[in-house]
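Chain lettering (A, B, C, D and E) follows the sequence in which the chains are written, and residue indices restart at 1 in each chain.
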Amino acid sequence: GSAAGAAKPGEAEVKELRYQGNAGSVTYPELAEDLGYLGDIKLKWVGNTTSGPQDIQSAATGQTDFGGAFNGAIIKLKAAKAPIKAVIGYYGSDQRSFNGYYVTDDSPIKTARDLIGRKIGVNTLGAHHEAVIKEYLKRAGLTPEEIRQVQLVVIPPVNTEQALRQGQLDVGTLGGVLKDKALQRGGLRPLFTDVDLFGPFTAGSVVLREDFIARNPTTTRTFVQAFAKAVDWAQTHPREEVVARFQKIIAKRGRDEDATTVAFWKSTGIAGKGGVIADKEFQTWIDWLAREGEIEPGRLKPADLYTNAFNPYANGSGS
Amino acid sequence: MADRRSAPATGTALSEREPLELPTGLDRHVAPVAAPAYQPSVRTSRPSALARRTRRLASRAVTKSGAILLLLAAWEVLPRVGVFDRVFVPPLSEDLVVWYGLLLDGPLPEHLQASLIRSLSGFGLAIALAIPLGLLIGWYRPVADALTPLLEVFRNTSPVALLPVFTLILGIGETSKITFVLYACSWPILLNTVSGVKTVEPLLIKSARSMGLGPVRLFQKVILPAAVPAIFTGVRLAGAYSILVLLFAEMVGAKAGLGYLILDTQSSFRIPEMYAGIITISALGLLFNLLLLRIERRFSTWRTT
Amino acid sequence: MADRRSAPATGTALSEREPLELPTGLDRHVAPVAAPAYQPSVRTSRPSALARRTRRLASRAVTKSGAILLLLAAWEVLPRVGVFDRVFVPPLSEDLVVWYGLLLDGPLPEHLQASLIRSLSGFGLAIALAIPLGLLIGWYRPVADALTPLLEVFRNTSPVALLPVFTLILGIGETSKITFVLYACSWPILLNTVSGVKTVEPLLIKSARSMGLGPVRLFQKVILPAAVPAIFTGVRLAGAYSILVLLFAEMVGAKAGLGYLILDTQSSFRIPEMYAGIITISALGLLFNLLLLRIERRFSTWRTT
Amino acid sequence: MTTTAVTTKIGIRDVRKVFQVRDAGEPFVALDGVDLDVREGEFLALVGPSGCGKSTLLDLVAGLTAPTAGEIVIDGTPVTGPGLDRGIVFQQYALFPWRTAQANVEFGLEAKAVPRRERRERARHHLDLVGLTGFEERYPHELSGGMRQRVAIARSLAFDPDVLLMDEPFAALDAQTRESLQEELLRIWDKTGKTIIFITHGIDEAVYLGQRVAVMTSRPGTIKEVVEVAFDSRAGDLRADPVFGEYRHHVWTLLRDEVAAAQVLERKAATSRG
Amino acid sequence: MTTTAVTTKIGIRDVRKVFQVRDAGEPFVALDGVDLDVREGEFLALVGPSGCGKSTLLDLVAGLTAPTAGEIVIDGTPVTGPGLDRGIVFQQYALFPWRTAQANVEFGLEAKAVPRRERRERARHHLDLVGLTGFEERYPHELSGGMRQRVAIARSLAFDPDVLLMDEPFAALDAQTRESLQEELLRIWDKTGKTIIFITHGIDEAVYLGQRVAVMTSRPGTIKEVVEVAFDSRAGDLRADPVFGEYRHHVWTLLRDEVAAAQVLERKAATSRG
């Protein structure tokens, strides 16, 4: 009984979508709206989100109509039996936008094996960073026993650089502006980056409630289409133009936020054209979670988790 | 004389009644210092009295647990009938099953231990720091003048906002976690101690001073005992906080602990496990509170009989 | 007679001295109910007394602000000399410049307003709920029996752990934010009120009851005034919490507010702006506390001079 | 309502009051078999050794505590709690520290829903009666011990109850103030026909004020004897009357025996413990 | 040190005490120009109308408050605070509610660092002295008014100070207990040579106990007259001595004039206000 936002049978489809934004950045639906792709659909900003899991939970409980998070989080939410479906990818890593796992220049850590018994700082457990690290360690051939000896320590991203330099951490996870600023100051070198490990990949997707999709097929199609076109627009336009557009949108919406980080935007990081999702972008994390014992092996297949059915760029690509 | 004759009968009639409603309630509950209006123990030899007493105890037990049972029932039923979303608020029984699993062969004992050490250390330190400090501030004008402004600034600065500063200065190890608990627990103890000291009956202070008690003795023998009820209120508040703030203390750099468990399971959507963590934290807090109440009662036997 | 002659001289000598150290300190500070030992106002006609008084006030002002100034100085200097990393802890002056900018043509007033509305609503509701409830629990055994267990369970359950449940039930709008503040503020008020009621001098209750006061009147005319000091301690604690918990209340689905500002700036690494937010929150808390102290003083004139 | 004789205002019937003193094994019997009828409009003085249970008895009559056994009736109705018909002056004043003298006196009148204006008048009047004009706005802690006691007296008088229960009301007053308040009390009693139970340690006072003087025994307290005090006339200086001296002596003797008995009890207790 | 006469123990020199009563414009003068020398080993009784400043004066001698003007010297040294040489019995007992009778009496002894064993002995002894054997383990709220006062007396006696300051110590006691404690106090005084200032409202008591009786005037309090009480011999029933009656009458007259004066003052105040 949580589908508060869904239209009741017989009623017209929902045309106003509630969502949580991100302070200081522009999400693709917002871009789509600005580009005029949304048609009769209106967006209703209810506030900003603090984390992906919180965002998709809000969507799952009907507080909002869509939300996005790391694919691993989506798998977990689905495993918890929440009726959601990923419809499009919205962030990821490529050569320009990626997350790196950094050590200080003088650090003795050179290989994955050196990490045994060391501390790695991550922003939150059970999410993107942890998943990448575990995958890295596995691919480097460490046994599960050895992997267990690598300590993951939660630390706010803001504190990561400083903790790393002070020696409280052996490895720090950095991305985005924080990474750029930290690298500017020098003295850090990457141990590995996620894009090295996986190649360009989409890491997170936007989800809708299944009942919402069922009751609002047209709205869903329009929304995902607009979303995909916005992604494509950002993927295909020059960086400067995208940044300028983002800055314009931020200035226009008047949320009193700081637009400086937008200037650091480099790329969408989304692998598939128009945000089309690939099987492996879920399968990797399903395997990881099964290894960690968080989900029963074989219970979830990528197909249960996402659909490209509404994405106009899907023909031929993906599964 | 006819009056006197009838007296025993009437007397029995009265003693068969329940104690006078208002006075007894007051004497027993609000005004424990006053003599109990009514002493059932004197008449336990009469079986009817005993039976009535048992009945009363039983009915009190029902009142006492009624609200709780209602809550638990709601927790079980509402998700089942679909008022709450079962995914996010699973029925109590499911949570308990998971809890039991975590306890028996899961990581719960380890989390519990890690948290307990942090809570108790921080709480203990808060008591050891805040009570003497509160006594000093309540007592010495110069100390109050010198420290109050600074303390008020800190009291009004969220430890969570300061978390980065905390980790900056204290690192991300146990020190910063325990300090965090200490920080959060100190304020209720401090404020209540100060207020306890300030409301000590002045005549008692006068009396002690007239017997030549120095400041230290005066503290120990008059101010402290007189302020005990107020201090304990603060301590009980702090007791709850020492457990509650685990959630923040274990937000940074934790590898185990109940707060960590809750945060971790919450972000991983292991909802029943999250509730298992919340249940454990609440139970721990309740236990702690019970313990503190016991100790408080011991400290104030002169009041509570 | 020789004794009497010498008296005025000695009298002057004594009045030239500072007041007796310990007694005065006590009478004025700890034991405000006692008569002030010493009344400088009687002698203000003498200029030396006036000068001395001014000097004393000045020296007290220094003691009072000394610790604060030291803290502020440390905040300014330590980052500059490199003890703290300037990037993470910018010198105070930088933060203040940013703060001033935010205040004048930045979004600070809007954030402030959003937060104030939430804090004050939650705080006001907490007072309106917790004081009567505390009085009832402290007073009526049956109410205490029925509610205490449930309340203890809630008191020991972290609102932050329950945040998902909160938003689930109340949505992510203002309701859930205000409820969150209310929830956090209620406990200190409740506990202190209960304890205040329980330590009311029983003789006063007896006296009031002997004059035929009904329960309601007794509440209003005896229990409440007698419990005021304890209640106010709780209210002051709650006052601070009402501001501090904004950080959590505004964690989910907020569009403005100081907590939102801090979280937002922190996550986007706008450190000076984050400190501007923290400074504002602390200042707000201090102001609030000052206000509450004023009100408390008004309620207890009979004590404080 | 009037099954008992019309003249009985307060009937104390075989009253027993037991206190349980914490861990102490056997309960402490404060009052045992107290039987006493106070007549309508009577001024009864109650004397007894310190700790014999006088205040305890007054609490019972006031309805502030319930007897362990026995019964107290007022106007034929058993007492089940305090009532507006009874006013009490406690041994320890019991003023509200947050109220001025004036407001303390008004307190009882508020309970009786006396209009504000009249309340103020009555409070002023009674404070004047006890010699506290000019101290109306003082808080209790700004008053001397005797002044506080007088505020308590003024409060009970302003309350104007049918039955006045006074526990050593004049103990903290100097001889002159005491005498003038005694006169005042007698005047009011005479005028209003109140029933008064007046506990005192002054035998002179008891004999002077009381129509009857009830003497209590010590531990467990019970009524030893009720002495009828009958003067041919209450005019003139009663205290100079030779009959006064006789009553005085009689009561004094009764009390002395009691105190001696109590002391013997104590010695025994002391020696039996070593 | 001994510029004053050797016999002076406590010198009260032109002492003035003023209270500021909140918003009231002019300050309240409680004591003005109080001059009094108490001799070494003297038993001085202090009487005066209620509210005249007796307790205030005692506080000053105890060093608990400082005079607004004037000076108090003990053994030639100005008083600057309380000291172990002075013990005080407050008008309102001031027992510690969280301590039993026994522990209350031991309280002062702890301050004096008396060893535990001796403390217990002395406390027991003095509780016995005031007739409270068997009540050692009672908390104050489990004692009657008179019993509490006796605990306070026992505490001050056990404390064994050089100077004993007693504020109406026997006010809540019945005649017999009072008499026996008077005897006890005189015995102790005789034996130990303490200097005692004893406030009382009983003129009999003042004349009986005091070597001198100081009579105070009302508002502002000052010493009106100090009456030397000299009996040929203190043996026999002093109270029956006709000289006793004379002294009694003299003090009574002094006091009556004072109370009358005070009442005139009040009437004036009352009429001037309307």
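Quick notes
Simple rule for what comes next: contacts are C-beta pairs under 8 Å (C-beta built on N, C-alpha and C of every residue); 3 or more make two chains touch, one makes a residue touch a chain.
Listed by chain with UniProt protein names: D, E = ABC transporter ATP-binding protein.
Computed from a predicted model, the values in this text were never measured in an experiment.
For the pair subunit A and subunit B, chains touching both partners: C.
Just count the C-beta contacts per chain pair and the biggest one is B-C. The centroid of the Cα atoms in subunit A and the matching centroid in subunit D are 83 Å apart.
Subunit C has its Cα centroid 43 Å from the Cα centroid of subunit A. In whole angstrom, the spacing between the mean C-alpha positions of subunit D and subunit E is 26.
With touch defined as above, residues shared between interfaces to two or more other chains in subunit B number as follows: 22-23, 27, 33-35, 84-85, 88, 164, 168, 202, 206, 209, 266. The multi-chain contact residues of subunit A, meaning those touching 2 or more other chains, are 2, 57, 61, 156, 158-159, 162. Multi-chain contact residues of subunit D, defined as those touching 2 or more other chains: 19, 64, 81-82, 92, 141-142.
Per the touch definition, subunit C reaches subunit A in the complex via residues 85, 87-88, 106-107, 110-111, 164, 167-168, 171-173, 251-256, 260, 263-271, 273. If you check the complex, the residues on subunit C that touch subunit B are 22-23, 25-34, 60, 63-68, 71, 84-85, 88-89, 138-142, 144-150, 152-153, 155-158, 160-162, 164-165, 168-169, 187-188, 191-192, 195, 197-203, 205-206, 209, 215, 223, 229-230, 232-233, 236-237, 240, 243-244, 247-248, 262, 266, 274, 277-278, 281-286, 288-289. Of all residues in subunit D, only 19, 21, 24, 47-56, 91-92, 128, 131, 133-134, 137-138, 142-147, 150, 167-168, 171-178, 180, 201-203, 252, 255-256, 258-259, 262-263, 266-267, 269-270 touch subunit E in the complex they form.
Those residues of subunit E that touch subunit B in the shared complex are 59, 62, 64, 81-84, 86-88, 90, 92, 94, 96-100, 107-108, 110-112, 139, 141-142, 159. Interface residues of subunit A facing subunit C in the complex, by the touch rule stated above, are 2, 20, 23-24, 45-50, 54, 57-58, 61, 63-64, 156-159, 162, 177-178, 181, 185, 255-258, 260-261.
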